[in-house]
Amino acid sequence: MATGRLRFFSMAQNGQVNISYVIPNDVPEIMTAGNKNYQRPMKTLYLLHGISGNDCDWEYNGIAEDVAFMYNMAVIMITGGNNFYLDRKATGCQFCTYAGQEVVDYTRKLFGLSDKREDTFIGGLSMGGFGAIHTALAFPETFGGVVALSSALVIHDIAGLKPGEPREGLLANYEYYREVFGDLDTIEKSDANPEVLYTRLKETGAKIPPIYMAIGTEDFLYKNNQEFRKFLEDNGADFTYEEGSGIHDWRFWNAYITKGVEWVLEKN
Amino acid sequence: MATGRLRFFSMAQNGQVNISYVIPNDVPEIMTAGNKNYQRPMKTLYLLHGISGNDCDWEYNGIAEDVAFMYNMAVIMITGGNNFYLDRKATGCQFCTYAGQEVVDYTRKLFGLSDKREDTFIGGLSMGGFGAIHTALAFPETFGGVVALSSALVIHDIAGLKPGEPREGLLANYEYYREVFGDLDTIEKSDANPEVLYTRLKETGAKIPPIYMAIGTEDFLYKNNQEFRKFLEDNGADFTYEEGSGIHDWRFWNAYITKGVEWVLEKN
Amino acid sequence: MATGRLRFFSMAQNGQVNISYVIPNDVPEIMTAGNKNYQRPMKTLYLLHGISGNDCDWEYNGIAEDVAFMYNMAVIMITGGNNFYLDRKATGCQFCTYAGQEVVDYTRKLFGLSDKREDTFIGGLSMGGFGAIHTALAFPETFGGVVALSSALVIHDIAGLKPGEPREGLLANYEYYREVFGDLDTIEKSDANPEVLYTRLKETGAKIPPIYMAIGTEDFLYKNNQEFRKFLEDNGADFTYEEGSGIHDWRFWNAYITKGVEWVLEKN
Amino acid sequence: MATGRLRFFSMAQNGQVNISYVIPNDVPEIMTAGNKNYQRPMKTLYLLHGISGNDCDWEYNGIAEDVAFMYNMAVIMITGGNNFYLDRKATGCQFCTYAGQEVVDYTRKLFGLSDKREDTFIGGLSMGGFGAIHTALAFPETFGGVVALSSALVIHDIAGLKPGEPREGLLANYEYYREVFGDLDTIEKSDANPEVLYTRLKETGAKIPPIYMAIGTEDFLYKNNQEFRKFLEDNGADFTYEEGSGIHDWRFWNAYITKGVEWVLEKN
């Protein structure tokens, strides 16, 4: 397995950005003999970090190498700052375009990855779980499945927030949310809201990537995930939901990332 | 010399950040025998990158290792995104506090660096030249000198910019500048303007770090540097200015970083 | 926590070498409030990799960050190639001197680590378990405890090996063992043998670092560890031995490294 | 440009090894408009480090990024310890096989590099200059050209060396040379000697990669390079030789690597 970290110039982020990766293209046959997942051609999983993290997290704290080895999966870990993987107008702040398009095009070219939808998945934890869902709905032709863990589906929590307003449960201030999500008074109807993207795709009859959701029952984002689960149910979405004892930590994410990967593999 | 890159959790940036460094604490005596600069105790230089760059630039493209070795200088290279090393209100966007305080405190503790003003310098190129000047004026007790190369002293260029307004010479859009610098109508009187910080220090009789400026005569920021040079002259500042043939590139920065370091060393 | 990787010039290895490290010196108080281990001053654990590994292993596959955080322990991960952390005569092949002296001196200076024996431990897995035992016995004044996991205590297995001789259980050829261990006919009486070092220390009444051993009951090195366990018992050594279900893998090492650390902490 | 460092498991070195690389596959057209070298398909240059170095050197101290950009050249920087890129019998010590075969196969697959001889070059400095010549002669079907800078062509210097024998100009001891080069009494007739490989290829009428040599006139290896130059001349080899004022340092290597690259490009 090649494991490493590279930097390249991103137009969408207007600067040098890092990508961490695990490419399982050299595992000796003897180690993969009984592994039917490894026998098929390599697929790709893009993994997104949470708030405060970066592209190293899924390698250092997460089990990216195990996922790569078990499922013959190129694992590409990107970084996008604390920006929820959303595009905004400011130069160099096209984080959704980066995650859903630029990094996909670039890594496919660099590593010769499959360019097929059914071989391309996106996942993440917390802010990255939100990002995985949102990015896949923004680029539904690109991704064949989503693994969304402990997702920070916070749109409804921050809607209508005012400068200086204290609001329970929020981890950052008005200025931060305004900068990242845009006008908070209209956010629920904006393209930052995954529900808006989903509804639009459904109305046009477009293909929608199937979604795997998981959340710990003690996670502070539990309620948010129930809301989105209900939204998907109400819309007859192709999705699954799992929960288990756990909080917002790597113990949970490392346990459920493999469940999610297996689910999206079966969907494709 | 220890050369490396580390990550740690920054409160000011609300996340894992990278620092690159060169610590010249193990050079064999035989290699430093005739080097009077090396004989004195190690000092510290914080180096800031330009737009699109990160903490690796001064190591990969710049001559950080040479500077460390020639002057017995711990070189600490930080990263701050395309944010001009300024504080803004949004959670995790205190880039001035990061550059002038948090990273200084942290690296002094981690590597046992001198905590004296006369041993502590800050430099940078382009946006990092602006940042070096601004940060030193924001934390004048911390830094004993500034090396500002091809500095992006753009405050007057962007003052009064309106949404959608085309303005010659600007490399980014209104939304970007508004996000990074705050209200553009009042920017010239705000703390984002180094001149404001300078004037305040002068009025209170505070110590002001001496400033080394250099700019290439073919650099697109040449005019901006003349304006700031005139401001410093008009205020009787302790500074020097050098220019030479050159554009906005590493050839210039690698030639002038050593001149700047020698100048600030003599000032302390 | 600072986590990173650096390179510096090693005289003992005659070249640039990498060190990976985790320095838990910036954990917010709120995260360490109930952790009595974290309240005391930082101690240091040197960790050695196994055959085919390098300084990244304990960070990427092992739980170095957890150990650092849980026990307020600077974790220094070194690399020494497939050389069993032994000195040999060839220029640049002083791997024992490197592990027991040079890297200790250098990292203490670079990071301001404690220079006390009772704050300094060494551990490793497989070849690194052998290395931890051997290095501590070669530098008994330096190390206050040893954590030896699944140790490759292979001296008796390779004694008397001849060129071309097939011998069950060996993973490398005669030329390799000859190069790394020296004359294989006299190896059991040489300084490459930890038993020789132990016996010499005992005879001179020197302080001997206490040793924590652990081995999986399904590990192919199980028998070797029983032999060394018996040697320590027969000599009335200050040591402990633990075994548990497991093979030669990270599942075992990540489970037992914390047990070992707790044991050596109590010994000091 | 992707610049990065990866690790993968090398069978030839029996362990995790690092590769540094620069892949210039994403340079915006505007930056390459007038560059005829950049317009043609990407070629590959493998670069070897000198004694005490590793795969980072050509990136950190050398101008790998410039070479990549100027010539549309994937630059792959490998590491092989202080082993002169030679195979020996000991398990995991097949450094020639690594440099000439394993790393070529692996990086071609990972990055989709050209598998044509005329697109594949090898270069190096000092020990790596020796390695480039030797490896290309060992794998003449693989490499279309050699760039050998300040090459450590030391075979004749160490021939017949005895244990403990002081011999002027040698930087390491008998044990080291014996380990790396094999029997020193027969070394001049062994496959470690590039002249032996060259002669064999010539006798069989095989294709021989053209060789670019350069050496500083103040370099301590000047004489050695004259000897090899004479050997090539006497054999009517396809080679060129350049010398210039300079010692054994990066100033020389960074000046001559581009001359060498241009020469091998014209040969193919």
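Note that the chains are named A, B, C and D in the order they appear, and that numbering of residues resets to 1 at the start of each chain.
FYI, a residue touches a chain if its C-beta (ideal position, glycine included) is under 8 Å from a C-beta of that chain, and two chains touch if they have at least 3 such contacts.
Quick caveat: nothing in here was measured; it's all calculated off a predicted structure.
Student: Please compute the angle of the rotation superposing chain C on chain D (C-alpha atoms), rounded to a multiple of 5 degrees.
Tutor: 180
Student: Using mean CA coordinates as chain centres, what's the gap between chain C and chain D in Å?
Tutor: Taking the mean C-alpha position of each chain, the two centres sit 35 Å apart.
Student: Counting only Cα atoms for the centres, state how far chain B is from chain C in Å.
Tutor: Chain centroid spacing, chain B to chain C, equals 43 Å.
Student: Averaging over Cα atoms per chain, report the distance between chain A and chain C in Å.
Tutor: Chain centres of chain A and chain C, defined by C-alpha means, are spaced 39 Å apart.
Student: Could you say which residues in chain C touch two or more other chains, in rising order?
Tutor: Residue numbers touching two or more other chains: 3, 7, 9.
Student: Chain adjacency by touch: line, ring, star, complete or other shape?
Tutor: It is complete, because no pair of chains fails to touch.
Student: Please name which positions on chain A make contact with chain D in the complex.
Tutor: My answer: residues 1-9, 21, 23, 25-26, 106, 109-112.
Student: Which residues, counting only chain A, touch chain B once they are in their complex?
Tutor: 7, 9, 14-16, 51-54, 56-57, 81-82, 88-93, 171-173, 175-176, 178-179
Student: Which positions of chain C touch chain A when the two form their complex?
Tutor: Touching chain A: residues 3, 59-61, 65 of chain C.
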